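For clarity, chains are labelled A, B, C, D, E and F in written order, and residue numbers in each chain start from 1.
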Amino acid sequence: MRILVVNPNTTASMTQTIAAAARAAAGPQTTIEAVTSCTGPASIEGYFDEALSVPGLLDLIREGERAGCDAAVIACFDDTGLDAARAMAAIPVLGICESALSLAACIAKRIAIVTTDERARIPIEELAIRYGMGSRVRVRVAGIPVLALEDPTSGASGRLRDEIRYALDHDHVEAIVLGCAGMADLAHRLQGEFGVPVIDGVGAAVKQAEALVALGLATSKRGAYAAPAPKRFSGTMAPFSTLAAEAV
Amino acid sequence: MRILVVNPNTTASMTQTIAAAARAAAGPQTTIEAVTSCTGPASIEGYFDEALSVPGLLDLIREGERAGCDAAVIACFDDTGLDAARAMAAIPVLGICESALSLAACIAKRIAIVTTDERARIPIEELAIRYGMGSRVRVRVAGIPVLALEDPTSGASGRLRDEIRYALDHDHVEAIVLGCAGMADLAHRLQGEFGVPVIDGVGAAVKQAEALVALGLATSKRGAYAAPAPKRFSGTMAPFSTLAAEAV
Amino acid sequence: MRILVVNPNTTASMTQTIAAAARAAAGPQTTIEAVTSCTGPASIEGYFDEALSVPGLLDLIREGERAGCDAAVIACFDDTGLDAARAMAAIPVLGICESALSLAACIAKRIAIVTTDERARIPIEELAIRYGMGSRVRVRVAGIPVLALEDPTSGASGRLRDEIRYALDHDHVEAIVLGCAGMADLAHRLQGEFGVPVIDGVGAAVKQAEALVALGLATSKRGAYAAPAPKRFSGTMAPFSTLAAEAV
Amino acid sequence: MRILVVNPNTTASMTQTIAAAARAAAGPQTTIEAVTSCTGPASIEGYFDEALSVPGLLDLIREGERAGCDAAVIACFDDTGLDAARAMAAIPVLGICESALSLAACIAKRIAIVTTDERARIPIEELAIRYGMGSRVRVRVAGIPVLALEDPTSGASGRLRDEIRYALDHDHVEAIVLGCAGMADLAHRLQGEFGVPVIDGVGAAVKQAEALVALGLATSKRGAYAAPAPKRFSGTMAPFSTLAAEAV
Amino acid sequence: MRILVVNPNTTASMTQTIAAAARAAAGPQTTIEAVTSCTGPASIEGYFDEALSVPGLLDLIREGERAGCDAAVIACFDDTGLDAARAMAAIPVLGICESALSLAACIAKRIAIVTTDERARIPIEELAIRYGMGSRVRVRVAGIPVLALEDPTSGASGRLRDEIRYALDHDHVEAIVLGCAGMADLAHRLQGEFGVPVIDGVGAAVKQAEALVALGLATSKRGAYAAPAPKRFSGTMAPFSTLAAEAV
Amino acid sequence: MRILVVNPNTTASMTQTIAAAARAAAGPQTTIEAVTSCTGPASIEGYFDEALSVPGLLDLIREGERAGCDAAVIACFDDTGLDAARAMAAIPVLGICESALSLAACIAKRIAIVTTDERARIPIEELAIRYGMGSRVRVRVAGIPVLALEDPTSGASGRLRDEIRYALDHDHVEAIVLGCAGMADLAHRLQGEFGVPVIDGVGAAVKQAEALVALGLATSKRGAYAAPAPKRFSGTMAPFSTLAAEAV
């Protein structure tokens, strides 16, 4: 089984962190193909960055699907472009926020999502509501740039721990979800430190992808995720014309 | 006052319909600047088309803002790219679904949205829920391609009327919202035929835009719509690097 | 275009504040006709005052409609009598809470409503829920009588500012809605002071009224807002008998 | 124990039906004092009638409380004026929709409310949502004027039965709530005919009133139901000035 | 009228407290038959204890029904086994959380439930949501074992009062619901101390039971509470085989 | 990895169906240990049967955990006893309704659950609401006893297909979830016949269990799922005393 893991930002070092977490989670018969987008922002912080990363990630998923991948994971906690990718692709596509919450819901009633930038607070709260977890989730923001997670001298890690501690002490949460793909390497250590489950979405999504493929399940092509109607795309989006035609 | 009205699909004839509706709605001191995207799909039917129209429309709003427009309207009923545009721009940005529902809510309790393609049903239901109108809205789908609205021989208009009639007879609705920018010319006639309010989102959004500008209100730059953090954009998105830098 | 603005309490000096805000918001071709109720409480603080102000305001709206007004605004933040007025009148009727939230929703995700008396907290929270904004709104109460807003020595203005500051610092809000018609004169100044959008409902409702009239939209007379069935009214309500008969 | 039962419309014959149902429900030590409003509409069908019946019913509750009644019931299924009455009075005040749903919820999961006039459909659905029962309630409208319930030749009773039958056959409901005080005499017979619980709100509210009084519980005078602030009432509402002063 | 009050834990001294509260609430023609379970945990703190107390309480309700009781009350605030008991029995069955919230909702808008053990926080919040009161209820946990309520030297009573005080000062609550059957004796005293309504669920449920019986209402046997299908039960559950057969 | 799959009814032949589905879903390094309860009902249809199956299934999970199983699956679509099992056990425990919906949500927006007995309709709708999927799920009932699924002459399979067809034609659903563990063998065939994803909860839960174990995640022992407080259990529940003591 080959699972494509797309880092929809253009920072290759973050793809390394993501790929390592994906491989650690994957089963022995799964190959992880981790790719970095070359179209869009260097990190994804809020609605604007999100939107501009979508064509790049769709392109990568289209290529991955053609190359025979069995499923795809979008490794950004905002689940950027997830619905569009599901409509486009025949293979299953997973989001790391949705997958993390789905596993967290099986082991805890109330959950804190700890994220980086203030711009991400409400997009993540909206996701929790959309996934039916609005009343069970508390979002806490560490106030750090996404890329600071890669810099050990940034103090980012201390800020994260402060927010986890606060959530445990004041919000009655029972588990922690890491609200950024760039934190994927921290789950194990933080779980040890805090003594509660700490869930990384990259690993969670890889397992959901494996599950769907193993069970012979793919995205429904009826209704909201029906294949795109064939039509002309213009400008820098022209390459997608072919795909829409093929999708019929 | 200058209001930019962006047709985020690339079909210029639809922009004509939209522009006419916008001008009919605009006050005497408002200039409507209607533009057609040159980047993305020829029509927007579902999540995939939506996502690929966003960079093009953001580009147009950025240009419009630089050229001195006071507000922008995104003329696609899926409110495509709305949050991203609000985060990017300093001027107010309006979506036609949100605006239509906001006015409809002042004159009716239960509302039917009549739309075109089956792929749009659930995205529109999700919007209604996000805008807090989930229990008041019923979505009805005419099963016609968006561009068939432009072809008088397509039977599209009859299909629309059938759905309106059905909604009035079975769903206890009290007003109709036209669920596609391409229907903007039909509101007045259908209102006469069916004897209930028929709301077109393009006109509604132009009036909301005028309202915000007149009241001196612009998008909050705190929290979810804070200006994008400056960062590098790559590939076909590279032009947005400048903007993100300026936004600081 | 003539817009009737009804102050449903009997304090004429508050009508002056409201009328000034309405006129400042109105377009050049709009005439504001501001009237003060002569039936009911001197200020509206909670459910009891609300209920007793309704017959007086319905009477004024009926008269205004007969005199040719094109729309009506009820200038009390509790949206007192709004549904009854919409059922009674053929012209559009706007509430200032609904209008304020509707504009606020276009420029911010999370919104604080700052109001006066503790009795108003839950009625306003209930309105936010009814308008589908329950999860986006935080209500803060300054603990001041409504009429203290008119007395510069009362300290009311300082209490308001304290609550706004608190909401910005602790509730992650991005915009402020003024939760009382008597605050209508403060929006501009507070917006300058706090650097976030500050929305006054009187201005917002005037613009919504202008929008509906310009678009040829009036309250649906089907379903919940159908004209009242003709019937006898007794006692001090007897004058409404005629109206119900006419409404048929 | 003395329970005041207010018919907030001015039709005395309907008060007889209500009083009989109240007495049949009351315990042996309870006296029912049934009164008819002399201020307002002859029947209550929709928001407009509702609003104009409130001052009359508040007046009657105020008098009843002064005369020593221990609790009050508002016998209109729209729970007209309920919040205002609770803020005004020190004794408990019950609404028949709230009480009926509260008992129905203990004996059935899904409940049909069968009511009279189309104008009442959405007000009742809104009540069900406000009382937290939105997903459990289905409203069915018989399309009959309220006062037709008093005329055996009107066919009203047949229309009601048709709607009950439809609800049982198509909506998976398990119990029926009678959605108008004027139906109070039908509960027992319909329960026999249809073999499911049929709940009349008048009886339900009398029992809730007895329960609160027996348990020494009265409306909280903190927050939303705090006694009205003393203030001047003008015009036909002037008599309420005294009350507001006393309430302090 | 005979009302069975089941203490579903095995601590007979707590049954005494419960029985006293039930008798104090009951009308003069009601006999309270208070019984203690002999199967299950000594106290009920969280999901595990709840589940294991259900067969014991079902057994007692079955016996009580056979012996001619007219209604049953389950005296555990988690409303343990309530749906199962309603499906099993022909007589009405009441839960003390549901009944307490139902009465509280008639006299206050916002309500605090004060409970004992941290394990009960989320089960009670889930109940409030299920009963449609999620947005009106705040749960506060005193951090005491249930059985400490019976020990005057445990400090439990002081902890409870601390939480009530906190809820009144910080959560804008207007009434208090006692979140454990073992607190049933405290309602009257706490109401005097804090000056707001304090509701004990045991008394509330007894009154709801009296109401249903007096009105001739019993659990619907259609749909979710239909009598159990006859089938074989094995092991320690074998005695229930008979009952399921009889229920047809 | 060893996964315990508990059939909480006492019908061993159904355990065979369940075990086969579990094994088909399990990875190559997973051992499925399928067990049949010997305490409780022969099939689970509604709240009553559910409640009486819980002690038996808890017992089996306790034994399985002691014997070294790494996770447990409760193979009844009502997710019977799930919260109690999670509080009791240290290993992860999965429910088949929760797991099925969790995977279905990744491949479809709107989902039909097709189940057997009318008694299960509302319990399953309540689960969908609890899992945050209320607006996305439609429940359809085939009107067949659970055990009829095992009898090829019962017509059960035809009834199921009728409901699936109806849901696809009228409810705009995009995927089917099989609402009973006894249908686990049908998923593959029905998916082929209807051309939409058909999800069986047994397979889904096995994959979720493998995912949690592989990721090193177990149920949080903080808050709602904290280990049971040690206490005495009486009567037929006495064996659980030990466990509660050990859990500390």
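Heads up, the rule we're going with is that a residue touches a chain if its C-beta (ideal position, glycine included) is under 8 Å from a C-beta of that chain, and two chains touch if they have at least 3 such contacts.
A quick map from chain label to UniProt name: A, B, C, D, E, F = Hydantoin racemase.
This structure is a prediction, so every number in the text was calculated from the model and none was measured.
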Shared chain contacts [subunit A and subunit F, defined touch]: B, E
Where subunit A and subunit D are represented by their mean Cα positions, the distance between them in whole Å: 52
Inter-centroid spacing, subunit E versus subunit C (mean Cα positions, whole Å): 44
Centre distance in Å when subunit D and subunit E are each reduced to the mean of their C-alpha atoms: 28
Sites on subunit D at which at least two other chains make contact: 86, 109-110, 121-122, 134, 172, 223-225
Chain contact topology (line, ring, star, complete or other): other
Every chain pair meeting the contact rule: A-B, A-C, A-E, A-F, B-C, B-D, B-F, C-D, C-E, D-E, D-F, E-F
Of subunit F, residues touching subunit D in the complex: 121-122, 129, 134
Parts of subunit A lying in touch with subunit E, wherever the complex brings them together: 109-110, 135, 172
Residue ranges of subunit A touching subunit B (in the complex, touch as defined): 10, 37-43, 45-56, 58, 81, 83-84, 86-88, 117-119, 121-123, 126, 130, 145, 223-226, 228-229, 231-237, 240, 244
In the complex with subunit F, residue positions of subunit A that touch it: 25, 27-29, 86, 92, 94, 98-99, 102-103, 105-110, 131-134, 168, 172-175, 188, 191, 195-197, 199-200, 203-204, 207-208, 210-212, 214-220, 222-225
